[in-house]
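These are the structures in question, set out in turn.
After this come two complexes, each holding chain A, first together with chain B and then together with chain C.
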Partner chain A sequence: MREFAPDVRLLAGGTDLMVRLRSGRFRPNAVVDVKRVSGWSSQIVETEGVLRIGAGVTMTDLVADTKVQRHFPALVEAASVVGSIQIRNRATLAGNICNASPAADTAPPLLVCGAIVNIASAWDERRLPLHEFFLAPGKTALAPSELVESLDLPIPAEPVGSSFQRITRRRGVDLATVNLSCTLNAAGEVRMAFGAAAPIPLLVNGTVASLEEMTAQARPISDIRGGQDYRQAMLLVMARRALEIARGRLSR
Partner chain B sequence: MKLTINGQEIARDVAQHHTLLEFLRDDIGLTGTKECCAEGECGACTVLLDGKAINSCLVLAAEADGSIVTTIEGLEKDGQLDPLQQAFIDKGAVQCGFCIPGMIMAAKYLLQENSNPTEAEIKQGLAGNLCRCAGYSRIIDAVREASGGRK
Partner chain C sequence: MAESKWVGQSLGRVGGEDRVTGRQKFAADLRIDNTLQVKFVTVDCARARIIAVHTEAAAAVEGVRCILTAADLPQPVPKCGPAYDDRPVIAVGETRFHGEPVVAVAAETEDAAERAASLVRIEYEELPPVLTVEAALDPASPLVQDHLKSNVLSEHHFGWGDVAAAHADCVIENDYTFPMVTHFAIEPHAFIAAPDPDGITIWSPIQHPYVLRRVVATALGWPVARVRIIAPDPGGGFGGKGWPKVEPLLAFLALRVGRPVRYVMSLEETFQAVRRASAKVHARTGFDATGRIVFQDLEANFLIGAYADIGPRVVSKASYSACGPYRAQNARVVSRALLSHTTPSTAFRGFGTPQASWAVESQLNEAADRLGLDRVEIRRRNVPDKDEEFIPNETGADGNWREALEKAAAAIAWETPLGPNQGRGISLGLKSSSTASASFALVRLHHDGSASVLSGTSDMGQGARTVFTQIVADELGIAPDRIVVVMGDTSVVPFDSSTSASRSTVFMGNAIIKACEHVRSQLAEIATELGTDPELPHETLLRAYYGSARGEVIGLGSARSAYVAGHPLGGKSAFWEMMAAAAEVEVDPETGMVDIRKLVLVSDIGKALNPMQVETQDEGSAVMGLGHTLMEHLILDDHGRIRNLGALDYRIPTIEDIPAQLHSFLIENGDGPGPSGAKGAGEGGLLSIAAAVGSAINQAVGVAIRDLPITPERIWQAIQKEQTHGRQ
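So, the complex of A and B:
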């Protein structure tokens, strides 16, 4: 990477990168297939209250994993609607985050569960909370020499309910018009994150009584998938639905 | 690179920028796999890579080094069509035919993972495959028939 920096691209599942390479919008000097790097992890490992998801883990792997199903149902719901089965068989969770689309479906459930990004370069390692990782559309806090090694998801110490909501123009293979995830604990505290509603996926905190104030922090734009007003209105509807489902899961 | 395509071991040099789809069609001559949208939306280029359905337009040929690839040409065994291929014929599920290799490969993967899918599961499994003739209902009938026919 140092040899070709800064014009080097990492290739994971390729479902974002290949589309962009073929569109001719950029021509990196080098493409590095990270899947062949020794020590590259496609494992999901549980240790001391943390679920560590290796950068090689695909959406299909994630959806099938019983540990993820048990602790992070909202993440499973999000991963299972990414693209088609052909896409999910290649697309990695880390790639979804590194691509930094405002509409990335796994970003909201990862944000509400307090995910930490494990970042590595040839000479250093650091950890960054996911809500500090997204900077702008397509832009992350990664330096050109850095890559994401894994994501750490803290397993909730107290009971929480979580859920995921998404609106699309058609069912199957469409990016989200708006997506949203929330967690709720027994004290009525709510963590909520939404996508395609601001330049980056946004995390907000509040309570069951402050859904309107929370969703009002969105800054949606109008584009081909929906108008600004529509998105803003839908956020509140989706927040109520998400909370209802989270409440049901909390009491179970 | 070395890989196994439809049971046959193949060693070839490959252009670094070529996709698996281009490699299969242009270098190996397996033209059953179709190129259409070239951006992962339509599923016409679906093949099995190490047993998993993928869009071959979004995979570099070099990524498939050491892998096992199955294309539509690899489904027929000893002159016998795969039950899925036969069901597509019997149910009249083929109109212009362009999407069918991809449809059948996606269906092959679906039935391999879930031998008795519901209609909803069939639709979900084929959500990444577009048919411009809109012959979806017969395609779904054919997959159900091949799976042994639960309603």
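So, the complex of A and C:
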């Protein structure tokens, strides 16, 4: 990576990379297939109140994992609608984050659960909260020599309910026009994150009484996938619905 | 008369297993030795004046063999097209749509061709384009084709009675729009052109090989005999593979380099090559107090592309029968094919009728509401009886269309109560068939009693091979697995006009029956000459006549749709393709999302030669219709570039969008002109789905949307507008 930096791209699932290589949007000098790098993990491991998702874990793996299902149902909901079955069999959770699409379906549930990104380079390691990881569309805090090794999801110490919602132009196999995830605790505190509603997936905090104020923090744009007004209005609709589902899960 | 053992059965698809397992060789899978790969160079806008082309850097790329521009072609550069010779083989002086080739590069590898193409530098000046119906109609707009006086390429007037004098109790007047949509065949368009000692051979997944032969021969100035077309079975055509596009350019390129050249379009390039005409229809419909149509006053402006292609024919044919399967006492239809700086629009399943049907059927719904009539009842009162003439001097109603209407209403349980935010809609679609066309077929009965059928039809997935096999199996009493259907090679198969307008089962089917009759009459002559029983097995008869393992009997048959001088379409419609569709939907009023709970289709098809194939064609066309109804539209920017260029942002229905319940029914009264009384089928769903679903959405949430596609966002906006209105 150092030899070709900064003109190098990493390939895990390749579901975003291959599209851009084909369209000519990326023309790197080198593509590094990281899947056989020693120490590369495709495991989901639970230790000391944290679920560690290795960078090789695919959406299909994630959705099928009982630990993830138990603690992070919103993430399962999001991961199970990324692309198509074939895409989910290859696409990795870490890759979805590194692609830094404002519309990434897994970003909102990861943000609301307080995910930490474990970053490694040849000579160093560091940890970064996910909400500091996204900088701009397609741009992350990763330095050219760094890669994401895993994601840490803190298992909630207190009971929380969570859920995921999205709006698409057809009934699946589609990019989100807008998406949203929320968590709710017994005190009525709400964490909410939305995608395709700002240049980066956005995390906001509030309470059950402040949904309008929370969604008003979004800055959606009009593009071919949806108008600004529609996106803004759908955030509130989804926020209410997501909260309702989260409330049901909290009480279970 | 032959016994009907195979016709009418749902025989499995001939070639179906190869098609779904990837064994079928599509045009892009073919490998011809010594072939050069081709890429085109375009400019980044629709309309530009080409100032200069710099090819030095591109020519220096290793493996590049030819860089061709307009200057390298015969001067003036030949123009061609299926109906009008108006499209230059390559852009000359000015581009007229985004994606029009300006330079063609041929190289030893695709990579070299692509690299060289990226190094060609075109100096150009962008010019303002004409991109909308309004701009095309504006006399102040630039001309798309300089030699014409306006951008109205053709204007058509149809009608009867006196609309101006007619008295109506209720007049409904609205504008409807239908978007530009693309065919989205899964198989890419792929072509090989190869010079040979006789002239040139072109491989193309073309629906109409004989049209391609003529167009290429005309462009080259050659007799058609020197041009051979080989058309591998297309992987989806839908009209998009009907008419020649870049084949003449590839022919010139192949002749220049003296080697085969191959060009495979990407999906994005396909979007820029073929599309359906968008349309704006102004409809004014008058009714009497009982809901009968007093007049239809329609103005339909179709935005075709930069060149005619088959656009004017789409417009005239669709507007001729635009009033649908109804009695209109008076009618006035004015339609126009408007040139624009966009991808040339072409044939597309439904051939212009969906654009008109969307307007006319929606008008009926609004009138029913205004008059306090049920939406089924208003149709019941206007549908012509069997054999009734509903367009003067034209083929009358050739089916019991009211039966289709009633069946669709019953199947959707029209009278039963609905839940909140649910609605039902019903719509009829009617399309004229092929006029003035001809099909020839050869049936070769071989010495061992097996048979080959030689037909110019293209099997693009509609199942023509299967139906033809069934017909021959019955006509000659041969097992289907001893029959082979040969298609697509103009040096082998006899002439056929086209695989279009749902005409093949009727016309090629009839031609094949005649060819089989010709075989049987020759067998009878042989038996008479030998003094033997004519019912002997074919192989026994042939052995007795020719000796062991030699000889054959060749039957020739033909069928045509008569040319009628003075008829606006060149001839009467051989049959009518008619479908009734009914939809039940539930709309989420907060998001605008539509759930199609149930969709029923009823086609009047005379006789299903293969019921499974007819049903799957109906269902496929209905799902395709859901595309333009709910989600599909090409969106252009101010430069005439397609903003949603590619599969990511141009959405077509997936399996998840298919209604929870999808039922298709057939009405078989044996009243068609084809084999066993068949009519054509396979386009019906495109005609009637939009209005059925639109009507159901209207009933569910009370908003009338007149612009397709009816996206969730458009529904939401309409609801917001309604609520704002309500509060004021």
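To be clear about the criterion, the second predicted complex is superposed on the first by the 252 of 252 C-alpha atoms of A that agree within 3 Å, B and C clash if a C-alpha of one lies under 4 Å from a C-alpha of the other, contacts with A are read in each partner's own complex, and residues count from 1 in each chain.
Here, a contact is a pair of C-beta atoms (placed from the backbone, for glycine too) under 8 Å apart; a residue touches a chain by one contact, two chains touch by 3 or more.
Not measured: the values here are computed from a predicted model.
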* When the two structures are overlaid on chain A, which partner does A:173 contact: first (chain B), second (chain C), both, or neither? -> both
* To do: Pick one for A:122: touches chain B only (first), chain C only (second), both, or neither.
  => neither
* Of the partners chain B and chain C, which touch A:209 in the superposed model: first, second, both, neither? -> neither
* To do: Scan A:187 for contacts with chain B and chain C and give back first, second, both or neither.
  => neither
* First, second, both or neither for A:157, with chain B first and chain C second -> neither
* **Those residues of chain A which chain B touches in one complex and chain C touches in the other** => 19, 84, 171-173
* Asked: chain C touches which residues of chain A in the complex?
  -> 19, 84, 167, 169-175, 177, 224-227, 229-230, 233-234, 237
* Touching residues on chain B, where the partner in the complex is chain A -> 19, 38-41, 43, 46, 52-55, 57-60, 62-63, 106, 109-110, 123-125, 127-129
* What residues on chain C touch chain A, complex-wise? -> 590-591, 593, 630-631, 635, 643-644, 648-649, 651, 653-654, 656-657, 711-713, 716-717, 720
* Contacting residues of chain A [partner chain B, same complex] -> 11, 14-15, 18-19, 22, 31, 33, 35, 60, 83-87, 89-90, 171-173
